[in-house]
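Read through the structures below before going on.
Two complexes come next, and they have one chain in common, chain A, joined by chain B in the first and chain C in the second.
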Partner chain A sequence: MNFASFEFLAFLAILTLVYFVVPKKVQWIVLLLGSVVFYAFAGPVSFVFLLFAIVISYVTVQILGKRHASLKKYLEDTKETLTKDERKAYRAKHKNGSLLVVCLGILLLTVSLIYVKYLSGFSFKNGISFGSTLLEVMGISYYTFISIGYMIDVYREKAAVERNFFRHALFVSFFPQLAMGPISRYADTGEQLKVSHSFDAKEAWCGLLRILWGFFKKLVVADAIAPAIGYIVSEKLGGIYFILLCLFYSVRIYGDFTGGIDIVIGSAQILGIKLPENFNRPFSSKSTAEYWNRWHMTMGNWFTNYIFYPLSLTKTMQKLSKWGRAKLGVGIGKRLPVYTATIITWLATGLWHGFAWNFVVWGLLNGLVILVSQELNPLYEKFRARFPKLWHSAPYQSFMAIRTFLLMSLIRVFDCYCDVPLTFNRFFSVFYTFNIADIWNGGIMNLNVTGTQYIVIAVGIVVMTVVSRLSIKKPLRETLWEKPMLGNALMALLCIAILVFGSYGLGFDASAFIYGGTFN
Partner chain B sequence: MEKLIEILENLHEGIDYETCETLIDDGILDSLDIVTLITDINDAFDVAIPPEEILPENFNSAKALFALIERLDNI
Partner chain C sequence: MKKRIIRIISFALALVAVIGVTLYFGAVLQDARLDNREGHLLCGYYDTTDSRDVIFIGDCEVYEGFVPATLFEEYGITSYVRGSSQQTVWQSYHILEETLERETPKAVVFNVLALHYGETPQESISRMSLEDMEWSKHKLDAILASMTEEESLISYFLPILRYHSRWSELDGDDFKHAFDKHADITHQGYLMQTGIDPVDTTDNRQPDDMLESLPYRAIEYLDKMTALCKEKGIELILVKAPTNSIRYYWYPEWDAQMVSYAEQNSLAYYSMIGKDEEIGLDWSTDTYDKGLHLNVYGAEKVTSYFGKILAENHNMPDHRTDAELSAIWDERIDAYYKERNGEK
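Take a look at the complex of A and B:
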């Protein structure tokens, strides 16, 4: 079920009605059934994989819960009889057993994910090939990550064990977050999904406005610019068009992904569930590291918490640190484990997006840029200390934001071509076929986007920028809730804008979300 | 505590670790230092600081860090 469809709006409306009408103690069952219905649209194969993730994560956390309880009891019972060292040794051995359990759970879910995303197109016909007919399993990346995160949190004793299988199933499969995230942790949604919720007019109004705002970003801006991107890529246009591609694709992915997440979070908000935010004005970032703290935040946190830190602290990395400091000096020794973990984490992030070289290069470039920025940091700090007024001036702050935006736009363009040599080829074409006059000589009008559409897109970008600026301290929708006349008028205007300017007409053939499709 | 201060001083000299409570907030310790620090603490105190304990509140002062070590050591 596409979020940008009448089908979804009807589904959400019926679910909301039933959810607030039934007795409060069964609200969670309505959500679970709603998630089942939502998922049923994706077909039986998708359902089987989701069920597999639910069962594996459920069994794993139950075993871990029992092991934690038995360890606690043993340590209490032996307080007087065993020495501290004996108790520590027992705990370490017990922890290793639990580690094995959680690793097995992670392995099973990872194998399932790898099979669906990378190996299901494997074929022996006409020689060995990985084919292009991969299984389509909705949201497998997201619920797999949610499940793995939960198992690790239970292993770390940072999350409670949910004993009820169906409540556990709801936590893993809560429908709004299945298609494109956010990747929530048990601490974010676990308890919220257990308690009852009363209808709250403010939450419902703000949630609805957020959904409409998501539709606007997706249908009026992102989908409208998509044909130009498709044309530049398919015709392999270079020079100034490559720069246009970088900029257009940034606009598209911002509108598409943040718009989609607005629909997701807004839908949950109407039901009284607060999902974690996934974006925080990413294009205002002054550095790549800051950008990744503001863009797809739940994915970044997931990789930091469950890959980067555990990897940095493995015994191998600690040995590498000691060896490096002893043999290569403190500076290099300190960097070795962290830099190795950074590169591996970014490689994994790239592969999570897709099993292709363009994603590998995309991941490695991101990691490399972050490491280079980190190395340049002392230089920046010196500059900041030497010229504090200049540093804090609006032009210099804007320069840093624009620099980061352009750099990230350039790295992101690897998504478009799905062909690394071609991407580099088109990039270098900027230096030998750059002719800005191409644009004014009518070139920009030949990209399958009309002049009127360009104007609508430009206005959309201005509106998105203004809303973003007005939401720094508090989301604009909350400010508007306090001014009902203005708020309702703007909501009506937004509806009209979507219906009139929405690229393909709401609900007809609105293209699927990038993160809900390619990066499922 | 002295052993911990020594480890911290080997990392960055000239900081008053007895009183400083903003080691993370002021950027005195960065991610490179944290991993080095944990490696040295694991060796010196025979405790394993797990990833989930990498929180600013545990690393902002020598006192907080020492409390973490004691907590992990006492069972």
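Take a look at the complex of A and C:
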């Protein structure tokens, strides 16, 4: 079920009604049934994979829970009889057993993810080939990560074990976050999904406004610019058009992804469930590292918590550091584990997005840029100390934000071509076929987007920027809740703008979300 | 408490504003796209109250091929054409259901060309027929039967969902006339075409090979039409209007299928393919689009030919002696000739 569809809106309306009408103790069952219905639209194959992830993660956390309890009991019972060292040795041995359990759970879920995303198109017919038709399993990247995160958190004793299978199933399969995230942790939603919720007018109103805002970003801005992107890519236009592509694609992915997440979080908010935020004004970032703390935040946190940190602290990395200090000097030796972990983490992030070279290059470039900017940090600090006034001035802050935006736009363009050499080829064309006059000579009007559509997109971008600026301290919708006349008038305007200017219905084919579709 | 009341009232007002603007703007947008004549062929019927001897039903070959004015003038047969562009057989069935609720003709004449469609060929043209119908159970049934996979039912209730992208093409007049009633541009359902564009005799293109027999779904709806007419005691007559174009080629195999169908169901079937001489058709003067459709001169000849069949083979009464009816029809015939002679 696509979030940008009448079916979803009708589904959400009915579910909300039922959810608040039934006795509170069965509200979670309504959510579970709702999630089953939502997922049923994806077909039986998707359902089997989801069930597999639920069962594996459930069994794993139950075993881990029992092991934790037995360890605790054993240590309690032998408090008087065992020495401190004996207790430590027992704890370490027990921990290794638990590690094996969690690793087995992770392995099974990872294999299922790898199979669906990378190997399901594998064929022996006419020689070995990866084929072109991979299985379509909705949300497998998201619920696999949610499940793995939960298993690790239980292993680390940072999350409680959910004994009830169906409540566990709800945590893994809660419908709003299945298609495009956010990748929530048990601490974010586990308890919320257990407790009952009363209808809260403010939450419902803010949730509704957020859903509309998501539709605006997606349908009025992101999908409206999509034909121009498609045209530039399909015609392999270079020069100034490559720069336009970078800018247009940034606008599109921002509107599409943040809009989709607004619909997701808004839907959950109406039901009284607060999902973690996934974006925090990413295009205002002054550096790449800051950008990745603001863009797809739950994915970034997941890779940091479950890959980067564990990897940095492995014995292999410690040995690597030791070797580096001895052979390459203290400075490099100290950095070696962090740099290696950073590159591996970004490589994994790229591969999570898809099994293709463009994602590999995209991931590595991101890692590289972060490392280079870390290396340049002392220089920046010196500059900051030398020219503090300039550093803090609005023009310089804007310069840093624009620089980061352009850099990230450039890296992101690998998504568009899905072809690494072609992307580089088109990038270099900027230096030898650049003719800015193409824009005002009417070239921009030949990209399958009309003049009036450009105006609507431009107004949409201005509105998005203003709303973003007004939401720095607290979300604008919360401010508007306190001013009901203005808030409701703006809600009506937003609704009408979506209905009239939105790219939906017949004649438009861009309604599927990029992150909901490509990155299943 | 005061804030709560303001909140509720302003929310309700916002909701009303959205619904109001949606409906109003939807109507403006829907109307603005109907700038061609084919978008208003069915609506005129709802203003008529008289009962007719014959109802013609079908696609362009009907509303540009049979002239009720000629039929009355020459044979005294009263008739109405309920035709619309690319009208599929399921649309014809539901339009017929609607028609037979309002009147009981002696015969229904159905043009069989549309039977070659197994599914709705073009959403935009299909909508011209559907949106021109008055809201009723039959319209809803016709919509459900006609909807393509990409469509949603709600867009028929809220036209803004379908036509919103036309906002940039609107002008002041669209807003001014959005709710104006459409004048009936037809003559009892007949759409007059006075232009002449002869058949290109140098065009040697041949029709594609016929791939299959008439689709099952189409025949299923023809069965329904047959059953409906039988139930109401109305004679169903099948016709195939003449054409001289490979675009809507009527294959001999389809014709044979129709002959067999008519025999099995005890229906009359008249194919006018290959009857140019009998009818008196001259494709250098009787078509306005190179033989695809008939112009008024060709339509009059076809009506004249078919009127004789109706009168002789189907015992249609001659109402020309009925003073009251003649007065009504004389007015209609006058209007018809005024347009034919370019006075309108």
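Criterion: the second predicted complex is superposed on the first by the 514 of 520 C-alpha atoms of A that agree within 3 Å, B and C clash if a C-alpha of one lies under 4 Å from a C-alpha of the other, contacts with A are read in each partner's own complex, and residues count from 1 in each chain.
One rule holds in what follows: a contact is a pair of C-beta atoms (placed from the backbone, for glycine too) under 8 Å apart; a residue touches a chain by one contact, two chains touch by 3 or more.
Since this is a predicted model, take the numbers as computed values, not measurements.
Novice: Return fit or clash for chain B versus chain C, each positioned on chain A through the superposition.
Specialist: Taken together on chain A, chain C would fit alongside chain B, as the superposition shows.
Novice: Once chain A of both complexes is superposed, is A:475 in touch with chain B (first), chain C (second), both, or neither?
Specialist: Neither partner.
Novice: Using the superposition on chain A described above, determine whether A:88 touches chain B (first), chain C (second), both, or neither.
Specialist: After superposition on chain A, A:88 lies in contact with chain B alone.
Novice: With both complexes overlaid on chain A, does A:452 touch chain B (first), chain C (second), both or neither?
Specialist: second
Novice: Looking at A:310, would you say it contacts chain B, chain C, both, or neither? Reply first, second, both or neither.
Specialist: first
Novice: Applying the touch criterion given at the start, work out whether A:495 contacts chain B, chain C, both or neither, answering first, second, both or neither.
Specialist: In the superposition, A:495 contacts chain C only.
Novice: By how many Å are the closest C-alpha atoms of chain B and chain C apart after the superposition?
Specialist: 43
Novice: Do chain B and chain C land on any of the same chain A residues, and which?
Specialist: In the superposed arrangement, which is not itself an observed complex, chain A uses no residue for both chain B and chain C.
Novice: For the complex, which residues does chain C have touching chain A?
Specialist: Chain C residues touching chain A: 3, 6-7, 10-11, 13-15, 17-18, 21-22, 25, 123, 150-152, 154-155, 160-162, 164-165, 167-168.
Novice: State the interface residues of chain A toward chain C in the complex, per the touch definition above.
Specialist: 6, 201, 205, 450, 452-453, 484-485, 487-489, 491-492, 495-496, 499-508
Novice: Quick check: in the complex, which residue numbers of chain A touch chain B?
Specialist: Touch residues, chain A against chain B: 75, 84, 87-88, 91, 156, 158, 305, 309-310, 312-313, 317-318, 321-322, 325, 333-335, 337-338.
Novice: Per the contact definition, I'd like the list of chain B residues that touch chain A in the complex.
Specialist: Per the touch definition, chain B meets chain A at residues 31-33, 35-36, 38-39, 42-43, 49-52, 54, 73-75.
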